[in-house]
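Alright, structures below, take your time with them.
Note that subunit A is present in both complexes that follow, paired respectively with subunit B and with subunit C.
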Partner chain A sequence: MKSSSMPMRASAMNFFRDHITYVIFLAITLYFVLFAPHFASVSTASAVLRITAIVSVMAIGMTFVIICGEIDLSVGSVASFSGMIGALLLDQSVPAYVAALLVLGAGASIGAVSGVLVTKLRIPSFLVTLGMLSIFSGLALTITGTRPVSIVDDDFSNLFWNGSFLGMQAPIWWTIVLTAVGYYLLHQMPYGRRVYATGGNAVAARFSGVRTDGVKIFAFAISGMTASLAGLMLAARSTAGNPSLGAGLELDVIAAVIIGGTSLFGGYGSIVGSVVGAIFIGILGFGLLVLGLSTSIQEVIKGAIIIIAVSLNRR
Partner chain B sequence: MAEAKTSPSQNAIVAMQRISKSFGANRVLSDISFEVMAGETHALLGENGAGKSTLMKILMGAYRTDEGRILFAGEDVTALSLRERIDRGIAMIFQELSVLPNRSVAENLFILREPLAFGMRVDTRTMVRDAQALIERYAFSLDASARVGDLAFAQRQMVEILKAISRGAKLLVMDEPTSSLTIHEEETLFRTIGQLKQGGIGIVYISHRMADVLRLSDRISIIKDGRLVGPLDPSKTSIEDIAAMMSRPRGDAPLPTATVPAKRHPATSIGASALEVRDLATSRKLSDISFSIDPGEIVGLAGLVGSGRSTLGKALFGILPDVSGHISVAGEPVRPGSVSRAIAAGVALVPEDRRLEGLVGGRSIEENLALPRLSDFSLAGPLGPMAKARIAALFRQYRDDLNILCRGPLQKAQELSGGNQQKIVFAKWLAMKPKLLILDEPTSGVDVNAKRDMRELVRRTAGDGVAVLLISSELEELLDLSDRILVMAQGRITRSMGSAHDETGLRALLQAEAARQTSVHAQGVAA
Partner chain C sequence: MTEAHPPGATVAPAPRAQRQTERVADNRRTARLRPETITAVCVFGISILLVLGSRFVSPALGSWDHVNTIILLASFLIVVAFGQGIVIMIGGLDLSVPALITLGGVLTTSWIDASSGMSLPLIPAILLICACIGGISGLGVTLLRIPPFIMTMATGIITASAALGLTSGTPRGAAPPILTALMKASWIGIPVILLFILAFAILGSVLQGRTSYGRRLTAIGANPVAAHVAGIAVRSSVLIAYMLSAAASGFAGMMLAGYANGATLRMGDDYLLPSIAAVVIGGSSILGGSGSFVATIGGAILLTALSTVISALGIPQGWRTVIEGSIILIALLLLRENTFAFLRRRLAR
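Right after this comes the complex of A and B.
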């Protein structure tokens, strides 16, 4: 009897250790439920999910890049840029769906360019995407001379933010759809296995015939595309393309991916983890707000909790 | 062959006396006594895994000896740590040099003890002057203010050696110091060693190249199966003598021989060779490589470390970018330079370094097995999901077939033993049904039983009609498995022969080929 209970306990301990961020996540949520007024409600839940949808969507793309052992710092400014382009296309009376597809294609191309620079010219992704961050935040401002472009197209607003379907709002749908697609791509398809192999041991992957450069370029393209989708959602939310909408988002996105258990060194990670990480950050911000703490103190507490969560999640 | 008799003399810089070491039940060194005099070069020879590096690690203090003691300059240092021994003056020159490429020679020499001027500033002028004085004392050709990264490899090696000496080293251990040097640079190193000897420094010289060893050293010792043979006087011994001493006597093979009958597919009945190589070359290492392998044939590739064997394997597998020449597999030409083209043509490579090149250690066994042909496991075309059931079946088949010991398909590859890891690498390529299987040191670092399993597997694979190119430093293994042996030296195939040779003959031949190619090359450089 004793011999069978020991491995049981050991595996329970392992489970606890492997999922420590989920434990912290549940503990903090429980704290807010108990102490923040009216926290446990459907409206709170849907508000949090709506707030976190943008970070979730971007984190799903970022997960591919980070598992490959790279980083994409340009996602925030690519989102701003995409919102601007989308708004300008709508302003020229381009139909909403066409405009959206064009913008998503542009985002994927921007990501692919980063990927090519990283793999073919062997420039570290930190530097390439830092440059891209600067280029696209500058371009977003330059296109209209820093003026926002308002959006009057209802199709567009409904599709990306204001609409709802089967009682759920558009941003929540986008989160679900992207999670499902990302999960399928990373955990079900051969491409996902190549991503893990590339990040886990690029040399062995090449010796197995994996084209690691192509795998990375595609990962950057995915990240660029999710960033531009987030940009469209941001534009629809504020019914305007605003050149600084996405500024600074990359930090929340990377934090979400890392909290979700993805290794910054590559080779480990999951899509669901990244989405949970994004929601974790959202709940934290929202809960602290409901508790009546000022935004400046919120930032301090948020930062500290992120560091604690990541340090406990170390491999 | 006469043994130079030496009682523990007062002149010895280091005297290792009656050293023994076991790892678990495995006795690696038994009762070894080894001495180096001041101003002496004592060469240490032995096969991979014979115990050379274990003995040196014990000398440096990285391992503790089980028995015996170590005297350094008359003092018993057996209980001292690695740090304390370095302070006493024992230094090792590593193959991968530990110099800072972006700093000057002087800065490298005086790192952590820079001369200071007023205000805690580093006194660069004094540092360069002192460094230059040190360089001149040993008559090295170096400029103290040159950036180390701009120097040739042999000069970087000098910096490393000077760094050790300037910190008071009296004994230098050099492990394969010529392995990265050009012929020209080797001469420089040999002169350097001459100057060190005159300065009273003792040197332990570890090398596979017997010709160098005979020329350089004052005494030669050989480690074989954990025992020391010698010391020998180089003027009274020859390459043939040493080769005989390093080889196992015939009929004393530790591993049972073939249990699988070889059913060879004669080349004539099929027509095309499995592999046909013509005029293969790379810009740096290989030249004029032409050979062929028939289906079901095992061709061994013999040569010393650095002769280009692994490079040839990698060139055939398409992982090197600058390969020229013609390769055809089963009659179909394969343009070199792409792994995916090579794999598509049916070439598989079990690489030398399985942790770095063979496996993604953090991922599961199952995933590693399926990696070379993931697209084949996709249900419903390129966008379909993975066929998990088929991958699981693949795992079960090879676990049973190759007798892989593991907890299950999801265990991480890095948790397995060396032998089982190697079986996974093997299996992942067998699953691809290759036409040509290239094996680079397939049994290095695996235990005796796994070695036997691997050999049986190689025979079985060839028996199924796969052409095998076997690269191995274990000559006994090459002779046991191969139908034919190609000898490589200096990036060329210099000889092809049946496996009729015995181990001693083959060993002497390899040394002779290496020496011959070196002298041919040196004449070319001089011309």
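Right after this comes the complex of A and C.
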């Protein structure tokens, strides 16, 4: 009897350890549902999903980069920059769809440049993207001399934030669509396997014929593209391109990915986990707000959660 | 691994005679130039050229006053870059610098009243608090093995929001006279801050280059496993490095508070990238294990000189951020090993 129960117990323990962040997530959500007034309602749920859409979208792109064993600190400033560029293009009466595609292309190219610097010139990714962070937050400020650019295009606002389809708002649709695409790309396509191989053991991957540099550059391009999509959504939300829209978002994004169980050392992780992580951060922020805690305490808790999540998700 | 290298054999220094012969055998002119020396000379040279060249930008620049201003403005960066340099030396990175500068400044102005005489014992107390926060980062890096930039980013958020909570949004108070004197007074015609920075430079480079702790840091940065095998207490050395960096940032916050005679919650924001840039321009390897504080000071002075010229040209603030980011990337590209090999070949010709 002992011999049969031990593996059961061990596997239960393993399951518990692998999904510890989900357990904490459920416990905290339950706490808010029980103790925060009017927390458990459809309107709260949809508000939280709308608020977290931006972090979710960016976290999906970031997941690829982190599974490759790299990091992208520039996503926040790329989002600000993209919002500005999008607003300026619309200001020049470029059609909304064309402007959006151009901005997404620009975001992907920015990511690809980071990727090339990281892989071909072998500079650590946190430094390359820290440099990129400062370059693009500076550019977002100087492009109009720190003035925000208002957006009057209804197509654009409907497409990225205000519209709704089948009873669900645009940001929730974007989260769902990107989660599906990201899931397919990472878990179903050969590219996804190469991402895992590159992050798990780059040397072994290279000897097995994976072009790890190309895989990483593409991952950075995906991250840049999702960051610029988030920038467009932010711009549509505030109906203006504002140079400081995305400032500091990289923290929430990295926290979301790590809470979602992706290893910061590469080789492990999942898209759905990152989205759950992003929603968790949203629920936490919303719940603490409902409970009447100040933003400074929220930030302290966020910082503590990053530390706890990274030290628990050790493989 | 330990069987192959019995303890003692790896750590024992080569006999003096043998080192002497090596030195005699390799007496090419350039072999004696360490990369650190080359970078230090280059960086200081470029700074001097920049200051002299800035006369063409505006007649007010390039004067002795301009040099004094540069040193005064660079002093904050030099102090911050000392700590950042130590952490980079061991292969880490300290992203909590802005938060700790703010905390140092805010605590100074809110705890030490300008009129009371309590400033002397309170200054070390505030530095100790900052060092403890650095110690938390160090514990996360060493015990929990969290990557340094994530750990320091997290402690940075926590510290910044603690500073926000402590002051409830509006820092009050003024700097104690001793700090305003440090930043603004002069002694027999020489600004006190110039003397202070000279002393700090000497102390800092002695700590990094001439003490056993400094050498331990170099060893850990070059190869942590080898350092551990050689009997170095890696964890405590790393812990102390993060504590030193946090205390340095806190002190820079005090200096800023003394300079501006007050503190703000965003006073540290402009120092993160320059602190890394100064270390990288100073030729330290960003992966750890090499670097010199003197060259880092050169990097800090070069960056500050550049930013005074930029503001004299009337270029908007946003471009400064762009330029700083580009400088980091360009410096990282240029200051790799093969560039030094190239420079040495050139100098040998």
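Note that in this section the second predicted complex is superposed on the first by the 305 of 315 C-alpha atoms of A that agree within 3 Å, B and C clash if a C-alpha of one lies under 4 Å from a C-alpha of the other, contacts with A are read in each partner's own complex, and residues count from 1 in each chain.
One rule holds for everything that comes next: a contact is a pair of C-beta atoms (placed from the backbone, for glycine too) under 8 Å apart; a residue touches a chain by one contact, two chains touch by 3 or more.
The structure displayed is predicted, hence computed values, not measured ones.
In the superposition on chain A, contact of A:123 is made with subunit C only, not with subunit B.
Taking subunit A as the reference, the larger set of touched residues comes from C, when subunit B and subunit C are compared. In the superposed model, A:190 lies in contact with subunit B only, and not with subunit C.
In the superposition on chain A, contact of A:311 is made with subunit C only, not with subunit B. Of the two partner chains, neither subunit B nor subunit C is touched by A:214. Once the two complexes are laid over each other on the shared chain, residue contacts for A:297 go to subunit C alone; subunit B is not touched.
Contacts of A:138 after superposition: subunit C is touched, whereas subunit B is not reached.
In the superposition on chain A, no contact is made by A:163 with either subunit B or subunit C. Across the complex, subunit A meets subunit C through its residues 71, 117, 121, 123-124, 126-128, 130-135, 137-142, 145-146, 243, 251, 254, 258, 264-265, 294-300, 302-304, 306-307, 310-311, 314. Interface residues of subunit A facing subunit B in the complex, by the touch rule stated above, are 184, 188-190, 193-194, 196-197, 200-201, 203-211, 267-268.
Per the touch definition, subunit C reaches subunit A in the complex via residues 93, 140, 144-147, 149-151, 153-158, 160-162, 164-165, 273, 276, 280, 286-287, 316-326, 328-329, 332-333.
Residues 317, 319, 339-340, 342-343, 349, 351, 356-363, 367, 370-372, 374-375, 377-378, 383-386, 428 of subunit B touch subunit A in their complex.
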